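Both complexes shown next keep chain A, but they swap its partner, so chain B is in the first and chain C is in the second.
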Partner chain A sequence: MVAIALAAKDVRRGVRSKSLVLTAVVGPLVLGLIMALAFGGANGPSATIAVVDLDATATSEGVVAVLGDQLSGGPVSLRTDLRDAEEAVIAEEVDAALVIPPGYTKSLFDQPLALQVVRNNQRAIPGEVATAIAGELASQSDLIRAATSTVVAIDQTQPPLADVREIRPAITVDIGDLQNSFNAALYFGPLTIFLFLGLGGAARSLVREEREGTLARIRSIAVSPRTLTSGSAIGVFIQGVLASLVVYAVSTVAFGARWGEPAEVILVLLALVAALSGLSTVITAASRTEAQAEGWTNACAFLFGIIGGSFFGGAQFPGVLGVVGAYTPNALAMRALIELGPGGQDLASVLPILAALVAAGIAAFAVGSQLMTRRFG
Partner chain B sequence: MTAPAAPPQSPLVRPGQGVSDSPSTWTIAASVAAIDLRRLVRDRVALFFMVVLPFVLIFALGVAFPTDTGVVGVGVVVGEETGIGGELLAAVGGADTLDVTFYDTPQEIVRDIQLGRIEAGIVIPPNLTEVVESGGTGEVRLELDPANQASAMLRNMLDAVVENQALVLTAARFAEDRTGAEKQEALAVAEAQVRSLTRGQVESITVGGSGTPISGFAFTALAQVILFMFINSLAGGSSLVEMRVFGVADRALTAPVTVAGLTVGITLSRFLIALMQGLLIAVVAAVAFDVDWGSPAVLLSVLTLFALVSAGAGVLMGALARTPDQAVAFGIPIALAMAALGGCFFPLSVAPAAMQLVARVLTPQAWATSALTASVFDGVGLGSVLVNLAVLAGFAALYLSFGAVMLSRRLQRR
Partner chain C sequence: MAFSVNAGESYGLLGPNGAGKTTTISMLCGLLQPDAGSVEVGGEVMRTGRCVAKQHLGLVPQDIALYPDLTARENLRFFGRLQGLNRTDLRTRVDEVLEIVALEDRAGDRVDSFSGGMKRRCNIAAALLHHPQLLVLDEPTVGVDPQSRASILDGIAALQDHGMAVLYTTHYMEEAQRLCDRIGIIDEGRLVAEGTQSELLAAIGQHPVVRLSIDGDPGSLVLALDDEDQVIRCSTGSGRLDVSVIDPARSLAPIIERAERAAVRINGVEVVEADLESVFLHLTGKALRD
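Coming up: the complex of A and B.
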């Protein structure tokens, strides 16, 4: 009961502490949001594309109309000539421009004409979007030329344009909705790093109390060193759970992050917090001073974050670094989350990963508590 | 009130130097900076952050960005091994640029893209031939990670593989309908036509820069320089707080040390630390990974000004934080958020225009990374990045003056 009371005290202090809230809650949310906004958020990248129709035929006008329906950035903005389009792109009135060359309709039955894309070097994604659209248009033109030339080769007659417009491709390429099904990695990666930093601060509370003399006063009421360390460990764990649940809830509700099934996500978060709490405890216990503990916690948090792929949406490095990085708590927890989310696996298949995280946490807790008990005994 | 006698062991007073012979502010500043730098060299954890961690990251990323082999890891789910599916599979497997791994389900492909094991995936549906032969349109699905900057290139690459099959089948089907030709005849003619078909091209006209793609290790190296210079300086604010709250500053001020001298000395040491770190990363990246930093004048100017920015921010954090923990707890999230917003995690050009504007207003990182990016990728000289340098100088002046004033006030209050 004393351990629980001490843990409750630590949790109260942690919740009131700006440091823990900023590090373990605000930090991952802000970083995740920046990444999500940069890469198009929930709806994917959007772009305002200008179209310069230099062909000005019924066919090219039909193409422009279809493009307007396809673009997520809204209706296309028509420009009169290439120079006008370039100026609009430089002035950032539009993100990019697509130029349908004069003679485009005629080229559908003859040699192809190159489509041009005007892109701003400072606006990479819209440039890629416009290039992809132009690529699709070029592919459709190829399709028409292949179909009409085949008819001509067999029948020696040119099919009418009206028929050509009705050509339906035998196979289309559909882009999957990877990001729409799962984008939690943008938040989860930073969470693993910041949680480690925050829990390190929480784990150092005993050392801080020792320095401030509070610990001596607590011990004067016959509290054993083991009770003290157990209370601290429970407190660190609960603070980690609260922080990660807040990040999960806020990123889901406010920022539209998609993590997967709530019960499964919560289990992954609990396992991650167990591992990181244990590691924080053992680092603190093994350090001689509070500053040293802080330094090593920060170093481990960043190192694990880098080699565990937390900065790169979960992606692992190749070679030895990837093998080592795959066994960091960051990478293991991310893998469990990805297996359960986009991987479509059930909980049973990731139980070994979760068990490994919890076992690592408990083992680290045990070693850390032993060291702490000796230190305060 | 008499001036306190200088303790004989004070490093700021040379042997034989009396109390009345007080050292100048600059002498004090130089001594304080020297002491601060010596302390840093002895602090293994600080050295780890300053030297080891950036190099772990740079070496790691150097390995992760292998020389451009042009080979892309692609996962394939084979819904049908014969018919059109089999032909598609043969086309994918025969492409030199694709390293194919087979999967049982689309979910496994999506999982491995997320984990960085492959870069893209193709899902061939089980009834593709049946759908196409019945006059319908078969759908082959591509899975790409939108956060991968190469996703457009990957899409074009995979599109091209699928398109060949689609062209023949579509042309044959159209010819069958239009001419009444036999299926086999139509297919044979269509194959011949597609073989001799000149494909339509897309030409890019790039405005607002050279158009050289910003990618790979060179970008990572320049981004890490800026990231780590700032993050170390901000986190290093904790040692300033320690100095204030644990009485080190009080003891120093009992010697013939002025608040101004102490403040200038601390700022000078932070500037030198940040600059040394930046130069060290730049030199190692150039020597070990052959990173071409472009104009040396641009590199040195940006690093010098950004070191001043970082020093100012570190001093400001050291003055504002109440406890060492608070300096780290505030410093690291602020530094990482500014780094992300300022283009240290991804080229700023991929971000929406509004976000780029916010980044330029709020973060010196945006000006530093864009100047280095222009130098490294566009090969521009000092004249082309003068605006960036001027803004960086402005940020440096703002942070340094605000930081120095706040630190001086804190020291005088004691």
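Coming up: the complex of A and C.
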């Protein structure tokens, strides 16, 4: 009850505070809009996907043709050689490559065969587009396999390969939707950084209250230090959720951003806010002064933003920085959001990412709370 | 240092800057844990963290301990909820304390729109919500205009009349003289004197002075007053005789009578009261604002 009162007070002050609104809401929206306009208009960035047809059958040619139709003759670059495709990806002539392996057509009547994707770590979003296309093709192939198996079961005869071309229209991939689903990354990237900055400010509320004198009054009241820090943490979390939901809603309604399924998006946002709230709390608790806490928060936010790819549409650094960056909260949350996009993974497959974010938040909060209790107890 | 404040009593804690007033108050309110000794409020031992003693205490910090971006009512509701008041009691008490500090009309306004005096009054109101047995006021009238100061002091006196114990620190000697039943003077972390105002004055030999403007030789009058019970000592100046007395009201008539008998003509009489400032200076060697 007391913790809720403390949190409600912080939320009320946060909502009235122009700095939080500017930092955590206006900032990401404006930067996202600028990036959207700079990198491909309101529909988001474009991606050029190479398709490597190593099967070279009428069926695989049909698949390539379908992909070409869906992409309106735009971002598909047909290759016949895997090595050529890999070099094109490395040289950034294309953003990613989808490989139809030898035996693909045969696999429609037999055991499934994995489709391959060649990705460039610095072009994460196109890589995810290609992966999503591969996932969609695999699902369509499963349907064909199920249909042909049924025919085999009834007639005990195998349909001629030529007949497969007749079912070609069934292999459809809505590339437009796939691409549009990722324009939210332009808002989500800045959101993660600005949210970190905003939550850092919210997490410093106890330090600020110590300076302003209100903490002395609170501490003269029968409130336990743990309740005090818990209330503060709840307040930080709620402010983060409100700010991210506003960015989500406004970017969707006003700027046409496509984030994915609302329930899944909200889950990702909650997990991200939990992680960032915990980090903000521990940074504040470990800092000696309000200014020091602000400095550390800013440094961490921008470092995470850069190595986690939040400023560059998911682009990651090569080598160690890339590995570390992939595990920053912003990069993990973006990965979850991208994987949940149309044609991508289901919620269960990204649960480990979300659980990791929440666990990191809880662990950081536990450490921060302990330090805060020692400091303000 | 040891002192107690009784119900319905107002106790002034005076000391120069750096004497230890804030440290003492911090320990009294459970903001600091004493290295040795203990503090009890309402029979409960005070300590840092959560403890029952804090339920009996209301603190009015020296700084305005309110949220400037919240309204007066929102501030009071928040602190009332922390004090554990339920919804019904909270509404009633918020209205009551707003009335006590005369801020009913401004309850819905943000605190940052208030004048200094209104902020001070609201600062006091936040400490009264839970009917504390002991109200601790740390220089509650700093930077306040005379009208608001009078209003604050009247309000505190009224609370005292209702049985609340008041612990008061101030730099304004006249406030301590007006408000406090007993006064403790601290210096360098020690309580150097304690008592009522007259007890403190007497303890350092400070007495009121009856100052006579006279014609002629005061020597005969000095001799005549030598055996007067109320008179402590006399000192002479040019056309002036200062008579230190125990009680000016009771000593004035005998002094005039002895002057007539000694044929000393009195042109004027002035009573100069000793005050706490001189007590403070005597005990600490510093003025109160040093």
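One rule holds in what follows: the second predicted complex is superposed on the first by the 235 of 377 C-alpha atoms of A that agree within 3 Å, B and C clash if a C-alpha of one lies under 4 Å from a C-alpha of the other, contacts with A are read in each partner's own complex, and residues count from 1 in each chain.
The rule we apply is simple: a residue touches a chain if its C-beta (ideal position, glycine included) is under 8 Å from a C-beta of that chain, and two chains touch if they have at least 3 such contacts.
Model, not experiment: these values are computed from the prediction.
Using the contact criterion defined above for the overlaid structures, shared-chain residue A:Leu206 touches neither chain B nor chain C, since it reaches no partner. In the superposed model, A:Leu67 makes contact with neither chain B nor chain C. Of the two partner chains placed by the overlay, only chain B lies in contact with A:Val89; chain C stays clear of it.
When the shared chain is aligned, chain B comes close enough to touch A:Ala138, but chain C does not.
A simple residue count on chain A separates chain B from chain C, and the partner touching more is B. Once the two complexes are overlaid on the shared chain, A:Leu276 sits clear of chain B and of chain C alike. Of the two partner chains, chain B is the only one touched by A:Leu321; chain C is not. For the contact definition in use here, the chain B contact set and the chain C contact set of chain A share no residue.
Residues 29-31, 48-52, 54-55, 57, 59, 61-67, 69-70, 74, 78-79, 81-84, 126-127 of chain C are the ones touching chain A in the complex.
Within the complex formed with chain A, the residues of chain B that make contact are 43, 45-46, 48-49, 53, 56-57, 60, 63-64, 66, 84, 105-108, 110-111, 113-117, 121, 123, 128, 132, 137-147, 149, 151-152, 155-156, 158-159, 162-163, 165-175, 178-179, 181, 185-186, 189-190, 192-194, 197-211, 214, 235, 238, 242, 324-326, 328-330, 332-333, 336-337, 340-341, 345-353, 355-356.
Those residues of chain A that touch chain B in the complex are listed here as 18-20, 22-23, 26-27, 30-31, 34-35, 37-40, 44-45, 82, 86, 89-90, 92, 95, 111-125, 127-129, 131-132, 134-135, 137-139, 141-143, 145-147, 149-151, 153-155, 159, 163, 167-176, 178-179, 181-182, 185-186, 190, 194, 197-198, 201, 204, 291-292, 294-296, 298-299, 302-303, 306-307, 309, 311-319, 321, 334-335, 338-339, 342-345. Residues of chain A touching chain C in their complex: 1-2, 5-6, 9, 12-13, 16-17, 212-214, 216-225, 227, 377.
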